[in-house]
Every structure is written in structure tokens, then in C-alpha cells.
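Next, two complexes with chain A in common: one pairs it with chain B, the other with chain C.
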Partner chain A sequence: ASAQLQLAVPVAVVFAPGSVPGDLPKPLPFRDVQEMEISVNLRTSVTSHYEMIYRRTTAREEAALDAATAREADAALHLLQDASLGSLTMYVVPETSSLLPQGISVYVGKHRSALVRAGGGLAALHTRLRQLTQVMSFSASSVSAALSDRVPDGHLGPGARRHLKSSLGYEITFSLLNPDPKSHAVDWDIEDAVNRYVQPVLDKLSLVANFSVDSQILYYAVLGVTPRFDKESSSFLLSAHSLPHVINPVEARLGSSAASLYPVLNFLLYVPERSHSPLYIQDKDGAPVSTNAFHSPRWGGIMVYNVEVPASPQASLPLHVDVDMERVMEVFLAQLRLLFGLSREELPPEFLLESPGNEGLADWELDRLLWAHTVENIATVSTTLTSLAQLLDKIGNIVIKDDVASEVYRAVASAQRALAELAMGHLHSAFQASKEAVTSSERAFFDPSLLHLLYFPDDQKFAIYIPLFLPMAVPILLSLAKIVREARQRKKEPTKMD
Partner chain B sequence: VCTSRFWFNYRHVANTLSVYRSVKRLGIPDSHIVLMLADDMACNPRNPKPATVFSHKNMELNVYGDDVEVDYRSYEVTVENFLRVLTGRIPPSTPRSKRLLSDDRSNILIYMTGHGGNGFLKFQDSEEITNVELADAFEQMWQKRRYNELLFIIDTCQGASMYERFYSPNIMALASSQVGEDSLSHQPDLGIGVHLMDRYTFYVLEFLEEIHPASQSNMNDLFQVCPKSLCVSTPGHRTDLFQRDPQNVLITDFFGSVRKVEITTDTISLDVDLAGFESK
Partner chain C sequence: RGSGMQAAVGLLLLLLLAAAVGPVRADAGRARRDALREELLLSPLPAGDVAATFQFRTRWDADLPRGAVSHYRLFPKALGRLVAALGVRELHLALTQGFWRTQAWGQPPLQAPAGAELWVWFQPTVTDVDKAWKELSNILSGIFCASLNFIDSTNTVTPTASFKPLGLANGTDHHLLRYAVLPREVVCTENLTPWKKLLPCGSKAGLAVLLKAERLFHSSYHSQAVHIRPVCRDASCLAVSWELRQTLTVVFDSFSSGQGKKDWSLFKMFSRTLTDACPLATQSKVYVDISPKNKEKELLEVTPVPSSLHEAVVQGEKRTYAVYDLLSPSLFNTSRSLNVQLKWKRPQDSSELPIPVLHAQRYVSGYGLQTGEISTLIHNTHPYRAFPVVLLETVPWYLRLYVHTLTIITKGKENKPSYIHYQPAQDRTRPHLLEMLIQLPANSVTKITIQFERALLKWTEYTPDPNHGFYVSSSVLSALVPSIITMKDTDMEQSPLFTSLFPSSDGSSYFVRLYTEPLLVNLPTPDFSMPYNVICLTCTVVAVCYGSFYNLLTRTFHVEEPSRGGLAKRLANIIRKFRGVPPL
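Then we have the complex of A and B:
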């Protein structure tokens, strides 16, 4: 199905005193619109409109920019803005400003604003601003990833289809695997850890989807691979190429909630057996991985937690182990970010990103997710409804129930509303509308009454009725012919007799 | 999917259970398998060894075992349920284990066995599924991107007719016999009194026994299994709808489950002190 999407991003570029470039086309304040087209395939394209407003700082903003560090400035500026979802504000500071450290020309805060160092004239500023908007909202690659099922095969990079698909909800399961309970009695205070560390992140993501969290402990669950013993480091090593085979034997025992159909994200904490301790994961070059963890796209992550060998070798078994949940959650939450596609790699070295802290992700990262999911939702609705229409064309006598019809109408209306909101730059309402559209279209498409088996193709109808009616029809037709012949003869005779 | 019932169709159940066992051995968990059987063999009053289903004569290998998870059994194995599983048009009350929860990155293996004819497959002696319906079901799956690649294996008489009508991309199909040929069974076991396996599946299983999760065997090897001298019928295959060259497709892409993994290189930093204040 063809789709032309317009994404509007409101961007404010605010010049602090001493940072206005000399070659501005118009005096401040002024507006400008920059467009960029991302063409996904022959019939799908995404046009982005960056609605730029160029202005000077207000007095209060200037006071905020007088702060000692970029982080404090960002915090102060956040209070002054009313940044709605999807909008960006960029403050241009003078080239000599000490807010940004040496060598850094762009600082991205944890809300929706950034500090840019002036210098190099208007052209250089524009380049930096364009890079910055692509980082903080969406880029050609993030849009193509969201529309991955429309990208022609061969154009997709190896990283395609890694991120979790947009869904109404996700289930997160934390599992503790203890293969050797005789040696290790492992205690993890998962409930406290979830409330302290995980819940703030999920609260931030609650706009995107519903999350449910559960946890379990599995005993005598072993990895499918036997680690090698390495004499030099006197530890056990799992090489990178054996990692893909680790997950499957465990998965059979993980279980999942029978009731929900949401995708499940599994986070496993593996405490190696005493005979295989300490266990380290090796990367492709043979170096031990600092996090001792790996993850699988669209599935979850596994972390290996080594128990310290006790000082006295005569310590009684089982050893009591209190898991350091902070260290564990730092890894699991990082993996959660990566599963959703929020990575902070591939940035130019002069960019400095503020750490989001306990919230897990910055506001603009949430926006990135919402842009990608909204685009993906709208494309999915378009494909689903087109496919449904084609099904109806093919099977002419299919019966559409009233509720299926109303879901289709609702899906179309919501999708149109989502497109309109996107074109106006209202990311929040566009996302909500796209969610409603997807829910309705999926309900319509997967309605159990639309099974094409129930509708007979024409050749089967002939095959059933002809053997019944043809033998009956033969004598009927013959006698009809006889009647017609007799009637004609009778008509002729009276004229003859006279 | 085993589409037959009754004692004399023992071999179809043994076929299906053997493939099920191989697939589990190569790493696919039960949560990712939908098994449809009439399941009337193990506890059949005519079974001299109750609670077992054997695939080799002299009762070497009990494929029923104690961890078989049958998702659709007995009278639930119908054409309607099969198509519902494939297309996803399932009543909302169906549990997770009876659904095909696949997405655009899933490779799906479909194995069907039973009695078939030119263009149809008989389900439980009371209904049929035609090759047109199957092709349409696959197209519905493709429209919703419910599969990345699909491998369809069928072991019935005139099996090649079932894949003639496929038109959706990324499907590879194998059949045990061509149109006009019958697929023959392998060997009877005099103790049990019925034929235990069909020839094609028997040789496919011998081939699969050599495969382990890290194996690099590809699809061309699978096409060579069961030449006419052993099988009497001529196995066929169809790869024109498939994007990749069968040479490059690993057996474990469909029969096993090898996941893509990435090493986690960074962590986020959590502030313990703040965490206490921010929680509810």
C-alpha cells in the first residue's frame, strides 16, 4: 500500500548574546521550514518538515545559561520551557563560552534541549543543527528500520529488524538461574530492585506501552554449552560463537504467562556452578566482556554473575550469596534500552550526551521511540487494511459482520487523524491515534469470522450442484422441448384445417 | 501435523512424532511448536505396548516419550483449526500454546503427513484441504508478515501437487512423491502389526540424526535424501519462490534454533541514593 507520511518537528533555535552569526538571512526573530525526503520504496516516502523558529534568548534564559556547568544550565532551562512531546529547543552559546567543555561543540541534555557552540558561520551552524535534530528526533535509518517490511530486500542492513516491534504491551520476566543449589544459596531481592530501579524506567516508558513485570527462580537449569577452562586466567570462558546455543535449552524451562499475547522480554541472571566458576564471556577478539552479559534482539538478555570465592577454603556449603542488584540492574536496563533500539553509539566525537540517570532514558530518546513507533503503526495499519480489502475482492461472497465493519471504519478514521497530527507536529496525539488505529485494524483483520475456508470457490459449487441437477434436468428439458414442439404443431394445424 | 486417525495409520503418527523429536533435540522449545495429532496410537487398545509409539522395528526408539506436548489432539485436528492457526484468526479465548505467535523474523517449518491425492490432503477421513486453500493461507500469512521464510515438507501420496499452487515469496517446499506416484511405507513391525514409518520421513530422519545445533549442512543435502532407489517414489522440491540460494540455507535455520546474539558492552549508571527517593 502506498503511504506518504509527513512528519513535522517544531524546532526552536535560541541565540544567546554573543553567539549570533553575522550572516543571518533575516533579522531575528524569524521562521523557516526545512524539508527532507526519505524515500523507502517506490510507493512509500516520508517527508520531514523541520519548522524552525530562530530567536534571541529571554532574560530568564540568559540567567539560566549563566550556570557553571552544562548540566545545571540544562536543568534550569527545562523549568522555563513548555516543551511538548516531539519539539526541540537548541540554545546557541558563544564560541568562547565555558559551559561546554573543551573539544565539545554540542551538549545534549536529558530533556528536549541542547546547547550548541557557535562558530564557523551560519553554514557550519546549520550542519550541526541538522545533525542534532536527526539525533534527537529521527533519521533516515531509524525511519527505514521502522518501515522495514517495505524496504526492498537487499537494502536492509544487517542490523535491520533487530528492535522490538511496536506493540501495545510487553511482558518483562526476570529469572534467576541457579544450576548448583548445593553450593550456592542465592538470594536476590528482586521486588525491591524492580521498585527502585526498573519501575522508574517503565514509568517513563508507560506512554509507549503497558508493561507487566514478573520474576522467577529456576533451579538446576544449565546452559546448553560447556565452558572451556583457560589455564592463564584460571577461569572458565564462553566464547562468542557458542553464545547463540546457550539460550535454547534454557528457554524450554522459562515458561510464559498463558493469558497474555504480548511479546515477552526475558532477563536471565545465571550464577555458574561452583565447578565452573568463575565464568567469563569472551567477545569475538577473545577479550573478556566487562559486563559479562549478552543479549539477543527481540528476546532479552543474559548476565553471568560470578560468586566470589570465599577467603577460607573450608567455608561450609552452600555459600550464601546476596546478589548486588544495582550492578545487575545496570546491565539489564542497558539491555532493555538496546532491545528497544535506544543506543548511543554512532555519534560524532564532539557531541556530549547527558546521562539520563535513574529514569533510564532521556526525554528526547522517548521521542525517538514515539516517532519510530508512530510511523511503524501507521504503515502497519495501511498494509493490514489494504490486505483485508484485497481479501474481500478475491472472495466475493464473504460476509463482513457489523462489528468488523465498524472496526475498519474506526481504524481508517484513527489513521487519518494520526497522519494529520503528525503533519502538525503533535507527536503525543499522533502516537495515541496510531495506537488506536493499529488496535482496530488488527481486530478487524484477525476476526475469527473471516476464515476463507467457509466460503466456497465457484468450481466446488459446480462440482456439488451439477451431479444433482443435471440428471434431473435432462427429462425436464426433454419434456419442455416436447411441449414446445406440440404447441407449434397445434398452432399449425388449425390453419391447415381451415 | 498428522492428518490421520485410526490404528492402521500408525505410521503417520510415528512420522510426526519423530520429526517433533528431532526438532526439539536441535533446540526448538515446546512453546515454539504447534503439534497436531489424532493421538490415538499410544493408548489404543490394539497397541501391544501401551503408551509407546515406535519408529524403528524391533522397538528401538520410542518417539512418544514423556515430554510430548500435543497442542491439538483428536477431533481438534481439523482443516479449520489448521487454517486458523496459520492465519491467526483464532477466537480470543485460545491459549498461548495453541497459537502461532510468529513475526516477520520467524522461520517456520510446516510438516504434514497423512493420505493425500492430486491437489488435496485428507484430514481424519472426513474432510480435505486443497492446495488452493493452503496457498491462500500462506498468502494471508505473508500479507501480515507472519513469517520470514517458510519450509513446507509433506509426506503423502502425490505430495508434490500440494505445493504447486504456492505464490507467496520466501517459501521452499519438499514432497515425498510426484503427482501420480504413491508414497510408500517403510517397514512393518511384526510385533505391533502395522507399518511403522513412511520411507521418505524415515530417510529424512536418518539425515537429521547427523545434524547437531552447530551443523553447517545446507538444504541441498536435504534435497538429496531418499533417492528413487531407496524411496521408490521420486521426492520433489520447489525453490523458485525462495530468495536465497538453497546452498546457503542451513538446515538449522528451520529445524533448529540458532539465535543472533550481541555482546552487551555498555551499562547505564544508576544512582543508589536517588533511587530510594524516586520510588513510590
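Then we have the complex of A and C:
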């Protein structure tokens, strides 16, 4: 399926007094559109329009920019912006401004704004703004990662397939694996930890999808690999190349989510057996991993939690262990961000990103997620509807019920609406429309009446009538052979006469 | 999911994260809100077989259906989420292979009909019970690898009197109840594995190490069940706890496998012995039924010496149990493993079997493929007490019951049921449901007969092997059987698990639920190869006709000159030459 997507990003560039470059083409305020073309494959391309509005600061913005630090300025400016998703505001501050620390020329705040140090004329400002918009909205790599199904193999980096497919909801399951309940009585206060660390992030992400969180404790659940004993450190080691074999035996115990169809994110906390502890994970170079954790793309993460061995060997078994949830949740939250593709990319050194704080992710990171998911949803809808159309083409006499047809119409209409909204720069409504399109198209595609096995293939119909066709074909073929033979003889006869 | 897993493993990447070690929060000694008790009951049966009943009970002091709980410890998450998501108040699922022979084996601790049985009470908040029921059976079929997804409106009924909630319930509006039996279901290893996976210790420790599939299915009767119900949290019953009871009953034919001896041991039956209790269990016990039969004592001998003896009145009989407590450290002092053995001191003649007070048989009679008759015989062998019994019959729609032919005869006289509920079948949508409350006089046999007509099915409605016949599920008998010995009111929490699933109302009677044999009925079955045969035959005839007609139309006739003849003629002439006869 071919697809041409247009993404519009409204960007406001606000010049503080003393920062206006001398070589502006027009007097302020003015509008300008910049285009960027991202080609995913031969038939899919994405055009992005940056609708730039250049203006001067208002009096209140000037007052906000007078703050002592960039963080305070960001907080004050947040109150003055329109909060629509996907729009960006960039404040250009004078070159000599003390708002930004030394050596830093771009500061990205917690919300949808950034501070840019002026200097170097309009051209330098333009390149900087372009870099900044790509960080805060989408870049060629994030768009092609979202369209990874259409990108030919080998054209993507290893990280591009790491993050989760867009879905209407996700189930997050925390599992505590205790393979040795005779020696360790492990307790974790997961309820409190979820409320304290995970829920704020999920509240923020609730715009993207529905989340449900649950947890379980699995006893006698062992990893699929026997760790190697290392004499030097008197510990057990799991090497990086054996990690792929760790998950499969555990997976059988995790239990699928029977009650919903959403993808599951698994976070496992593994307390090694007494005979195998302490257990450390080694990376590819053989160095121990500081967090003792690893993650598997689109699946989840595993962390190994070693129990401190008591000083006296006669300590009564089972040993009571209370898991330090803060340490564990820190790792799991970082893995959660990675799985959603929210890893912070390599940036030039003059960029400074504000840490998102307790909420776990900044507003512009949410926007990034929404851009990527909207694009991915539209691509999914077009793929689903294309394969549905292919199926219908293949079986001529398939019955299409009215409700299936209406779902298809709805999916197409929603997808078109999503495209239109994207082209206008309305990220939120575009995302909603794309979600509806996905729901409708999947419902149509997975309708039980559209099972191709319900229809007799034509070759089998032919096979049934073989007893008719075969005896009928014999005299016809024989007489055809006879005609050919006679024709040949007739051709030969005149030469014979000579 | 499989391909996703592969992709996930294939793309597995190391993640290096910098983690700051936070302060350790000391929060020890939280109260446990869930508990596991495990129990094995070994009872020698009169005919020389041995029945082993495993019961694993997980009790959770939490409010499941509110959906507030999502953090699981001992209670399996798969079932907990199911109960919460679909508004289940009570769930009973049994998968059974074989038939419990009540006449030879006595009253079962927990019987189940052959095949799969599922009955569920939903919460009053559930608006569309049928939809929830459909969804539930589909999910359970996934969890237990059973064909429960074949439960639909044609085999689901809503009994009005037979299946009352076993747990806490306010109000018994039977519209919230659904009951279905799949008698054709075959139970095997693939159903046992997910069942074992629900146990907190799996089959790695505790009594569950004995659950070895190759032994369990080499038996005369195998029944595994899951019961979920709300129970009182304490005596005051102000809060609700949830109970998951996993039971498994097997009957081993020790008589034929043990060279005519009735001695048995754990190792002989399961080819394993017990080495420890499940470390998560608060109670782990093995009970052996050593009740003296026929007043003769000291007939049998169990080794090792049991930790204690337990006396209880179970199903109207006084029973003595030898108890082995796996949690007591003294048990494993002398030997590392526990192998319970039972020896008979002298050969016991099995001529006089104690006949259970209530038992029943059912069979189908009649000849031909048009009509037939279902007969049920219910025996009450109590010498002087009469008692009522609720009979539930579910008959598929393709057997059209003639209700006017229903006769109930006891001791040669007609017996009028005091309650009757009949829901006629509708073709292809719902089965017949017949419920009756029948009074059984003392020492009597009651015969219930009803005639039916066999319906013709559409050719797509036949099961894969239609000449095998069609199953009609067992009928269910529920009764409060008067007890010969009065029973004490015991503390439910402390008594052995096998006594406490059915609530007993008072000391003078006990609850029994019996299932009769499933029936196998032949329906008029067409010859399924006939359409193809007809096609073949007509095609051949048409083809032959066409061939000769075509031949006639296309052939050109011309006079053939006599030729020197073919190979046969030449051969004949050579032979003639040898014989000296003139050639042809």
C-alpha cells in the first residue's frame, strides 16, 4: 500500500528583546513554512511542515524569562502557553543571557517549550531550531521506526524494532520469581510501589492507551540457563549470549492474560536460588551489569535481585527477605521508557534536557509518542485494509456482511480524518481518529464470517468432477491426436506423389 | 504470541542502567492474607481398588470481584482476573475420565460426571449473563486446554432446584446460574498440566509431586476439579474470603495390578514417595481410611506408624483415619521419604459389600432408529427412612422427549413428584430440562421412564464419528440423605477438607450429589459418502454415453482392405506351420 503522510507541526519562535537576528527577511511578526521530506520506502513518504510563527515576546513572557534559572523560567512560561498537544514554543534569548548555563545553548523544558541562545545569525538559528524540533516532535528515524513494517530489512538500526507496537491498551505485569521458597521467604510491597512510582507515569500515558497493572508471585519458577560459577568473585554469572534462553521456560509459568487482548509487558524480579546466589549478569564484554537487569524488546524486562547472605550460616531457613522496591522500580521504570521508545537519543553537547521528575516523562516526550503512534496506526490501518481487500479479491463469492462493510467504511473515514488532522497539525484529534480507525479495521478484519476456510477452493470443486471430466476428455484427446496425425499424413502425401 | 516471543528473544538486548541504591525500607512482618492447605485422602474401596483424593485449598482474605485487587500471591492470577472481570460469584469446573461406580465403590467424596462439567453462579451485577457465560467458557477452555468452547445454548441449562450455591450467597436467583456438561470430552495430560500450574508449589514440592500424569491416567477413574467460592472470613461472617479448591480424585485398580493382593503403597500407585511439604502450605496432611469394616478390627496394618488418628462421621458413616502430618519434623526423622503402605493381615472376602443408601442407574432401551425410552432406576436402601431427591435431566434437542409418557413407579404404584419443572427443547437452540422432586420411600426402587423420538440432523450437524453415537449427559441426583449415625457439628476450619465442601444443615442428614451414567444414543445416520458416490456414478454414465455418441458423430467409415494381419495372426501362422496345418 502506498501512503503519503503530511505532518504539520505548529512552532512558535519567540524572540526576547536583544535576540532578534539582524538578517531577518521580514519584519516581525511573520509566518513561514519549512518542509522536510522523509522517505521510508519507494511508496511511502512522509512530508513534514513546520509552520513557524516568528514574533516578539509579550510583556508577561519577558517577565517570566527574567527568572534566575532556566527551570524556573520554564515553569513560569508553561502557564502562558496554549497547551495543545504537538505545538512547540521556542524562546530565543540573547547571546549573553545568564538563563542558560555556560556552554549550553539549547535548554528543553518539562513541557512543550525550549530556550535557545541567539547568535551566529539567522542560518545558525535555523539549523538549531530544526535540530530542536526533531528532538521535540519527530525525526526521520522515529518516523521510520514507527513504520518499521514497511522499511526493508537492514535499513533500520537495532533500536528501531525495540519499542512496542501501538495498541489501544497495555497490560503491565510485575512478577516476583522465587525459585527457592524453602530458603527465601520473599516479600514485596508491590501495591505501594505501584502507587508511588508507576501510577504517575501511567496517568501521564493514559492519553496514549489504557493501562492495567497487576502482579503475581511465582514459586519454583527457574531460569532456563544454569549460571556459570566464577571462582574469582565467588559468584554466579549469566553471560549476555545466554540471556535469550532465560525467558522461554519462565514464559510458560507467567500465564497469558485470558481476559483481554492487549499486549502484555512483563517485568520479572528474579531472586536466585540459595545455591546460585549471588548471581550477576555480564554484558558482551564480560563486565558485570551495574543494574543486574536486562530487557527484551516488545516483551519486558528481567532484574536479578540478590539476597544478602547472612553472616551466620546457621541462620534459620527460610530467610525473610523484604525487597527494596525503590531500587527495583527505578530499573523497571527505565525499562518501561525504553520499551515505549522514549530513550533519549544522542544529542549534541550544547543541548540540555530537563529531567522529567516524578511524572516520568515530559510533555514533549508524550507528543513524540503520540506522533509516532499516530503514524503507526495509520500505517497499520492501511496494511489491514489492504490485506482484507486482497483476501476479498482472492475469494470471489465471499459474503461481506453489512456490519463488516460499515466497519470498513468507518475505518477508511477515520483514517482520512486522521490524515487531515495531521496535515492541519491537530495532533490530539488525529491520534483519536487513528485509534478509531485501528479499532474498526481490526474488527472488520477479524470478523469470523471472513474466514477463507469457510469457502470451497475452486480446485477442490474441480476434483469432485474429475470422474466426469476424465472419461469425457479421453475421446476428445484421442480424436485430436487423430486429426493431428491425419493432417501430417496429408502434408506428406503430395511429396510422395512427386 | 509465539512469533512475538521469538522476535523478543531474537532481539534481546542488554540494557545497562545506572541505578542508585536507595535506602532500604524495613517493612517486615506484614500479615499474610492468604493461606494454602493441602491434603491427600487415601481410601481403600470395598472392591479392592484404592481411591486417592487430593485437595488443595487456597484461601484469600480479599475482595476479588470488586476488581480492586490485582496483586496475587498464592491465588493464581489467571483465575483471579477471570472472577473479577466477569463477575463470577461461584465457579465449579470438573474434568472427568471414567465413571464412579457408586454400587461397588460406595459414596464418592466428590463425584463428577464423565466429560467436562461447568456450573457458574454470576454476581447480581452482571447484566448479560449469557454473554458472560460464553466468554467465561471460552477463557476457561484456553486456561485448561479443554473443549469448553463448545458450550453454547444447545447444552446450557439453568436449573431451578438442583445446583444451589455452595458458598456465601444472599439470594439464590437461579437466573444467575448456568450449567453445562460436555459428556464427549476426553480428559488427558494436557488438562492436568495447566491444573497443576495453578498450584503455588506446582508439582515441585508437597503432595503434588505424586501427580505424575502417566500414573494418574493409568487408572479406572480420574476426576480433576476447580471450585471457586466466597466463604466467611471468620465466625462472625462480616467479611468475605475467597476460596479456591483444587481437587483430584483417582481410583487405582490395585487388585489386578498387585497380583491379586489388595496391599498398596504410595510408591506402587504413584511411583513416587513424599519427601516434604510444600513450603508455602500451612497444613499438609495425608489421611488413610482405616475404618474397621464389619466390626472386625485390626484387619489391616499401615506403615509407618501414623502421627495421629482422626475420627469423623463422613457421609453417615463413622470413619477412622490415620493421619500423617508432613509439617511435623518428626515424620522425616527416621527416613527421608514417606511411603505410606497398607497391608491386609488376612485375605478379606469381598462378598459382602456395604450398599450405599442412595444409588442410581440409567439406561436407554427400545429398538430401531425412530423411538426409544430412557429409564432411570433410583435405589433407596435405607431400612426405615424415606427422603426426597431432586432429579435433573438434560437431554439434547435431537432426542424429542414425549413428556406425556413420563412415568414414575415405586413399588408398583405411581409416584407423583411434588415439584416438576420442565423446559421443552427448541431445535438447535436449547436442550430439554426436566427437574423433579421425588419422594423415595424406605427400601425401594423407583423407576422413571420417558419416551423420545430421534430427530434427523442436517448433514453438517453430525459429529466427526457419527456412528459412534451421541452422548446424553448424566442426570444429577441431589439429596439430603438421612444419616444412621448423628453427626457432631465440627469446626469447619479445622476439620479435614474433604468434609467441608457441601454445607451440612444439621446432624441428622448429609448432602449427596450423584451422577448417573451418561447415555450413548444412536441417531439415524446417513451414508456420508453417498453424494460423492452418486456424483461418481452419474459422471461415469454421462461420460460413457458422451463417449459413444461422440465416437458415432466423429467416426468416418471406409472399407478396410484385408491386410496381412496383426501380430496374433502371424504367431498363429507360425504355430500352424510347426503343426503342419495350412495357415489362416
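In this section, the second predicted complex is superposed on the first by the 441 of 498 C-alpha atoms of A that agree within 3 Å, B and C clash if a C-alpha of one lies under 4 Å from a C-alpha of the other, contacts with A are read in each partner's own complex, and residues count from 1 in each chain.
Criterion: contacts are C-beta pairs under 8 Å (C-beta built on N, C-alpha and C of every residue); 3 or more make two chains touch, one makes a residue touch a chain.
Predicted model, so just to flag it, every value in this text is computed and none were measured.
**Student:** Touch check for A:Lys182: first (chain B), second (chain C), both, or neither?
**Tutor:** The second partner, chain C, only.
**Student:** Figure out whether A:Val116 sits in contact with chain B (first) or chain C (second), or with both, or with neither.
**Tutor:** Touch status of A:Val116: no partner.
**Student:** Please work out whether A:Asn195 is in contact with chain B alone, chain C alone, both, or neither, and reply first, second, both or neither.
**Tutor:** It touches chain B, and chain C stays clear.
**Student:** First (chain B), second (chain C), both or neither: which does A:Leu366 touch?
**Tutor:** Touch partners of A:Leu366: none, neither chain B nor chain C.
**Student:** Classify the contacts of A:Pro318 with the two partner chains as first (chain B alone), second (chain C alone), both, or neither.
**Tutor:** Only chain C; A:Pro318 stays clear of chain B.
**Student:** Which partner does A:Phe445 contact after superposing on A: first (chain B), second (chain C), both, neither?
**Tutor:** The answer is first: A:Phe445 touches chain B but not chain C.
**Student:** Looking at A:Ser296 after the superposition, I want to know if it touches chain B, chain C, both of them or none. Which is it: first, second, both, neither?
**Tutor:** both
**Student:** Touching A:Pro471 in the superposition: chain B (first), chain C (second), both, neither?
**Tutor:** In the superposed model, A:Pro471 contacts chain C only, not chain B.
**Student:** Quick check on the superposed pair: does A:Tyr220 touch chain B, chain C, both, or neither? Answer first, second, both or neither.
**Tutor:** A:Tyr220 sits against chain C, while chain B stays out of touch.
**Student:** Go through chain A and flag every residue that touches chain B in one model and chain C in the other.
**Tutor:** 161-162, 240, 243-245, 247-248, 251, 255-260, 281, 283, 289-291, 293-299, 301, 326, 330-331, 334-335, 338
**Student:** What residues on chain B touch chain A, complex-wise?
**Tutor:** 27-31, 79-80, 83-84, 87-91, 95-97, 99, 101, 103-105, 132-133, 136-137, 140, 143-145, 213-214, 243, 256-272, 274-276, 278-280
**Student:** Enumerate the contact residues on chain A facing chain B in the complex.
**Tutor:** Answer in residue numbers: 148-149, 153, 161-162, 165, 195-197, 199-200, 224, 240, 243-245, 247-249, 251-252, 255-261, 281, 283, 289-291, 293-299, 301, 303, 326, 329-331, 333-335, 337-338, 344, 355-358, 360, 383-384, 387, 390-391, 394, 445-453, 457.
**Student:** Okay, in this complex, where on chain A does chain C touch?
**Tutor:** 158, 161-162, 173, 181-182, 187, 189-191, 194, 212-217, 219-220, 240, 243-245, 247-248, 251, 253, 255-260, 263, 281, 283-284, 289-291, 293-299, 301, 318, 320, 322, 324-327, 330-331, 334-335, 338, 464-465, 467-468, 470-472, 474-476, 479
**Student:** Quick one: in the complex, what on chain C touches chain A?
**Tutor:** By the definition above, chain C touches chain A via 1, 4-5, 7-28, 30, 70-74, 76-78, 81-82, 85-86, 139, 142-143, 197, 200-202, 204-205, 276, 279-280, 532, 535-536, 539-540, 542-544, 546-547, 550-551, 554.
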